[in-house]
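A, B, C, D, E and F label the chains in the order they appear, each numbered from 1.
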Amino acid sequence: MTAAFPLTAPHPLLYDDILRRAFAEDLGRGGDLTTEAIVAPDAAGRGVIAARKPGVVAGLAVASRAFELFDPAVRFGAALCDGTRVEAGQVLASVEGPARSLLTAERTALNLLGRLSGIATVTAEVVTLVAGTGAAVTCTRKTTPGLRVLEKYAVRAGGGVNHRFGLDDAVLVKDNHLVLAGSVTEAVRRVRARAGHMVKIEVEVDSLEQLDELLEVGADAVLLDNLGPDRLRAGVERVAGRLITEASGGITPATARPVAESGVDLMSIGWLTHSAPNLDVGLDL
Amino acid sequence: MTAAFPLTAPHPLLYDDILRRAFAEDLGRGGDLTTEAIVAPDAAGRGVIAARKPGVVAGLAVASRAFELFDPAVRFGAALCDGTRVEAGQVLASVEGPARSLLTAERTALNLLGRLSGIATVTAEVVTLVAGTGAAVTCTRKTTPGLRVLEKYAVRAGGGVNHRFGLDDAVLVKDNHLVLAGSVTEAVRRVRARAGHMVKIEVEVDSLEQLDELLEVGADAVLLDNLGPDRLRAGVERVAGRLITEASGGITPATARPVAESGVDLMSIGWLTHSAPNLDVGLDL
Amino acid sequence: MTAAFPLTAPHPLLYDDILRRAFAEDLGRGGDLTTEAIVAPDAAGRGVIAARKPGVVAGLAVASRAFELFDPAVRFGAALCDGTRVEAGQVLASVEGPARSLLTAERTALNLLGRLSGIATVTAEVVTLVAGTGAAVTCTRKTTPGLRVLEKYAVRAGGGVNHRFGLDDAVLVKDNHLVLAGSVTEAVRRVRARAGHMVKIEVEVDSLEQLDELLEVGADAVLLDNLGPDRLRAGVERVAGRLITEASGGITPATARPVAESGVDLMSIGWLTHSAPNLDVGLDL
Amino acid sequence: MTAAFPLTAPHPLLYDDILRRAFAEDLGRGGDLTTEAIVAPDAAGRGVIAARKPGVVAGLAVASRAFELFDPAVRFGAALCDGTRVEAGQVLASVEGPARSLLTAERTALNLLGRLSGIATVTAEVVTLVAGTGAAVTCTRKTTPGLRVLEKYAVRAGGGVNHRFGLDDAVLVKDNHLVLAGSVTEAVRRVRARAGHMVKIEVEVDSLEQLDELLEVGADAVLLDNLGPDRLRAGVERVAGRLITEASGGITPATARPVAESGVDLMSIGWLTHSAPNLDVGLDL
Amino acid sequence: MTAAFPLTAPHPLLYDDILRRAFAEDLGRGGDLTTEAIVAPDAAGRGVIAARKPGVVAGLAVASRAFELFDPAVRFGAALCDGTRVEAGQVLASVEGPARSLLTAERTALNLLGRLSGIATVTAEVVTLVAGTGAAVTCTRKTTPGLRVLEKYAVRAGGGVNHRFGLDDAVLVKDNHLVLAGSVTEAVRRVRARAGHMVKIEVEVDSLEQLDELLEVGADAVLLDNLGPDRLRAGVERVAGRLITEASGGITPATARPVAESGVDLMSIGWLTHSAPNLDVGLDL
Amino acid sequence: MTAAFPLTAPHPLLYDDILRRAFAEDLGRGGDLTTEAIVAPDAAGRGVIAARKPGVVAGLAVASRAFELFDPAVRFGAALCDGTRVEAGQVLASVEGPARSLLTAERTALNLLGRLSGIATVTAEVVTLVAGTGAAVTCTRKTTPGLRVLEKYAVRAGGGVNHRFGLDDAVLVKDNHLVLAGSVTEAVRRVRARAGHMVKIEVEVDSLEQLDELLEVGADAVLLDNLGPDRLRAGVERVAGRLITEASGGITPATARPVAESGVDLMSIGWLTHSAPNLDVGLDL
């Protein structure tokens, strides 16, 4: 299913504070001593932001907004769209404006662009690994504190789909909850009595017995945790389309394909957001 | 040189806002639907936070403060100090208190603990690689936006030393600045006229000729960028102790030792903070 | 379906800022001139918060937190739980502590308690009106700016269920969206390609023809807007359980019962939050 | 006494944060899923904001600012001024710009416009009821937490006058204060010793005896609480212009005229702000 | 007229943000490097805060709160009350607690205590100069941006009375307003039509002719600007108690007494807040 | 050493919040009652900001930004640069725009301009007093809470140089630290083990014996506290260029020259920031 329109970056109202805090921590109380000392206030500059390594880009609108927030006189021209796969050396955007502003705002803009592109890149790698299987790649709540809105977007830019954004927009019953509820059946009964009609319910199971119990009581989705490809396949067969099926637990590039071939609808991977290395991007004036 | 006292975590005034924002993005507008539905309000719980992989721990005080901020009734007992190397399975801390609070605050606390420990772990790996050479390992401004104070601390927990915190606490003249100044000599002249007497000045050079020019004009430190072990060694010899010498540029675990053996005082590595994978830590109730 | 545990008020992390801003706008820059002038700093006071009119209470924990935030020395003892129906004159809580704090913090605490109880009261009235029909009562996004988290809670306290909290936790395709999409079918196709697997999709229809088209393409819920009892009943029959059915549009206390008897699962009512009169509550020292 | 110039809306510096928080709670962490999925990024739209019911308008500048803050490309054209009485169906403003922005920002803008217009409408109703009597209609501190600056403005738009804005800009000695002071005389003595020379002093009395005592000691204004028309008239006569007279306590549309005809200068009514139903306003694209 | 109770310091809700920002700018991103390096984490300390010069103290509760906010383990014992005149060397308070906390929080606490005491001191000097004349000493809006609530309090601690807190709690018609209104009469007419009944009106006049016009039209207070003692006395005589009289304009310690002897009710002095030197206070461990 | 470029004012990202808070405390909840009542909304105004006393100007960009933030329609034209010495009556800037905005924003803009110019003025006075001696004038951490970034800038505008900005950008070992460390040698050892390579270390000594010990162990700078000109000169001679020398303690205009002639590199003076009287600046429409 392809989206009707290109990916939409989050509205700046959702991340301007992230940018302001980033500038505040970088400028400190004295500003950019080096640039103020060396660069003439009226010097103009231009340059390009380029990838130093291959990857998938995410965050160009965020980088653009960073320069704009720092100095509206900087012009930022994106050379491509978020979600595009780029080669090492490929130009992502051009920037032009007061040289001081380019130099001082550069790091904040690139730190975000590199991080988001890093997430998009590893997401795209897994998406490619499982291409053709019908399994989607999704993320978790293991995001960098304060950056969830942007990191969830980066997953979408990499071709993944978003899991819930937080604790309040969907129910996910985990193993600890099951222990405290006593059974899958009781857990589902309790969440149904609490969650509104527009909230989906997913339950984590770690055995086929639990899965059978869940199928009996019903839900929207099941998280099949650490089952291994064989039991995953068995699980998917038992579900027979009655629940959305999601695999999780220790999925690596090496195991992604076998997991996907089990027939699950999705696989969720924490390291897409918590351990993706930055994509190396640089600004050449 | 060993510090007189154990590592001191940042004061909560420096990161409470990070925690509040992290909870806000996780709780959203509806709170933890699942836990509220399933767990009795008066249920008590206890558990341990343990490493799932070996590494170096950082952020225990931050995790403790996260639980405290969420619910002062939670008791957090650290089993060891930040900076300690741990094995897979080793217990880092115990938590005890209202079961709901443990379950709801868990992710925010672990996201930070995992990230900071990840940075400490890779830092410690490099520190170990260069042990005995006299070279220290230092970080850059390539930190996660908004988390610099914590990530710089994690580098210290891993045995590294901090480079400047931002643009205002030290001067670092980079290649782009040199181009705009016209020469190393002119760049240094300009920064001396601007920087206060308590601000150190470092200049990046990418050739031995530039280094000679810098030695002529003087500074506090030199950043020897992308020189390679041989020219690094030649550079260190020419400096002969008159400047602090720092190597940078593409240093990997594989090249760290040769770089360190060139005799430099420090090597700075961006990926300590921008690409360290989280240390896998979990809460077992 | 009854919840396993009593209603849980939102976590203070979700509304402390509301309280701080309320105190800030009331204290201004000079504080409570009258109380400071007249009441001795060491005078103690005690009193009860009572309903002046019958209704359903919501916000006791919020009122308690208001006093605590203003002065931790105030003790607040709730006499009953949120969601309780009370008579005029019935005591809701007792307060005890420094007389100055009681007098100065009173208005902020009561403004919130009165508003939330007002919402709970009108919600409960509609819930009572439709009792036995199987129809639940739900709210909309027509909440007071800045207070959504609390007002949504008040709806739950009144026996209602929450609709989505915002634009991001569920899809609701409205008439304007349908016009821009061209058809129900195309609209659903587009949202399916965008929304994650944990997001429910509801579509507003204003005719049985549109409903038929929606049944063809499928969704999680349908909003039957302004159809009137007869067409509502017809709609519910056609749906035959395949979608959650929600009635909306100009529902009043007079029409609530007939609407409910059409067999819909829910009815959504904007005035629960945007036009509920405060429940009159007072503090008697 | 007519004002020299049209009513002036509050400066955006006083309410931009209200708008930002309102957008934040509506956009959540994922933005407007429905609109992003369905509406083309370059689709333009235009529409009118119209009243669905008759009333008095307040908040057009606030609604305009909401659209501007969300997207400066939206053009908002007010068709009339705040304080204008409108019929059902009457157009209040036109909006034009990116269709996505119109759809996403609509609810926040209308929630505020509807609420403020609701307050202006009930205020104007009471003002009309007492027309010709010389009594002005005024508000209280029973406003929605966080919105006082806007709600006080809405009272002015409805033809009312503002009472004090908080606890620090005027003294109002209430019954509880009198009890703690021991007497009207002592209370006034105490506040005079504390309040600056630019602060007015009002005292609540609930009997003619207290009024006599107040006239003896002097003040700027008297709040005649729950006296009933006859005693109110007697009170006004005794005051004989020496104090501003204000009636309060349980004033309803039914009792407003008799109260006003007692000759009081003002009547204060809490429900103008705490219980006014929203004026129904809608956006038709 | 003496107040019934001792001076009350502002509620911490009104200045905690001032303290947090002060700590943030002092701790920066790295905290107190010196103290962390040198002082053992478990070292305890005690000390006294003493005046180095004679003056009047203000801000002890603020200083106490600063230490408490930084570290609740610090105990602060005030030796006297705000508003007390102290000699050089006199102890103002004792502090006891973790030595690190005392050293790190000291500067923030003392910066505020010194500034507020400085304002109280100069205020008290003028109050003493005019003692017995019946003239009170008052302040202006020329306060340090962000600190008005505290600086207005310091004026009270010095024995002065507060003028309005801002632009919204009282009307002050100044020369520029008069020019734009055309006349004193028209200006007063306009403000009466706008200001609520609880707002006092003061008009600045710079000639006796303007004063006559003001007496004709009426107001609450008159600001006699730059009139000189003789015309001041003439003005006070003409007013004959019908207005509060306030002198302003270039009042110095040398001219304060003659101004006061003119019979004015108050004299307002900008330099009480904008140019008072700090009172020198220090912490001796 | 002259700077290559004119003084650069801090980036607005570093002080916009200061301006917003200043406007918030001045506008309160009701805005500028007087101006709204008297001045027509479409009245235009123009005026000049002029010095009423001679001095050195600082903060023109800040004042300009204040007007811009309040109303982008105001045009502010600076007549000269920060750091310029002006005569009484000299025009500093022109302003033009809506008369209401000029009148309402005036006080906030002038309060900051006056304060910063006051600091620049006293700094320049000391700089002039010591001209030709080679001693620079520097500031301390005794700044107004919340305004450090601006006040440090004002010192530069007056020709001074900045000492450290906070506790984290340089080490300053003071007398209390020395007591706790036991000796100068041990103190230096401890800070070296903690401070990063880009952090300078200064130690306060109050005797020549301590100085000798410091010269033995080494550091970047020495603070010679309260030594008096003779011992200062002896100290400078012993240092012989091995440390930056800074004099402090009770330096007054009368003693500044003798202190400077001792040969020290800098003298630090707290009252530059904590006790400078405002420069009197006014707006004439």
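Here, a contact is a pair of C-beta atoms (placed from the backbone, for glycine too) under 8 Å apart; a residue touches a chain by one contact, two chains touch by 3 or more.
Just so we're clear, the structure is a prediction, and the values are computed from it rather than from any experiment.
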Same or different contact residues where subunit E meets its copy subunit D, judged by the half mark: same
Selected from A-E, A-D or E-F, interface repeating D-F by over half of its contact pairs: A-D
Approximate Å spacing (C-alpha centroids) for the pair subunit C, subunit D: 23
Geometric centre distance via CA averages, subunit E-subunit C, whole Å: 45
Of all residues in subunit B, the ones touching two or more other chains: 3-4, 25, 27-31, 36-38, 40, 104, 148-149, 162, 165-166, 168-170, 190, 193-194, 199
Subunit B - residues contacting subunit D, complex: 25, 28-29
Residues of subunit C that touch subunit D when the two form their complex: 18-19, 21-22, 25-40, 43, 99, 103-104, 107-108, 111-112, 114-115, 118, 141-149, 165-174, 176-177, 179-181, 187, 190-191, 193-195, 199, 271, 274-275, 277-278, 285
Complex interface listing, subunit D residues touching subunit E: 1-4, 136, 138, 161-165, 168-170, 189-190, 192-194, 196-200, 202, 220-221, 244, 246, 265-266
Subunit B-facing residues of subunit E, complex: 20, 23-24, 27-31, 36-38, 40-41, 69-70, 104
Interfacial residue positions of subunit B with respect to subunit E in the complex: 3-6, 8, 10-11, 13-14, 148-149, 152, 162, 165-166, 169
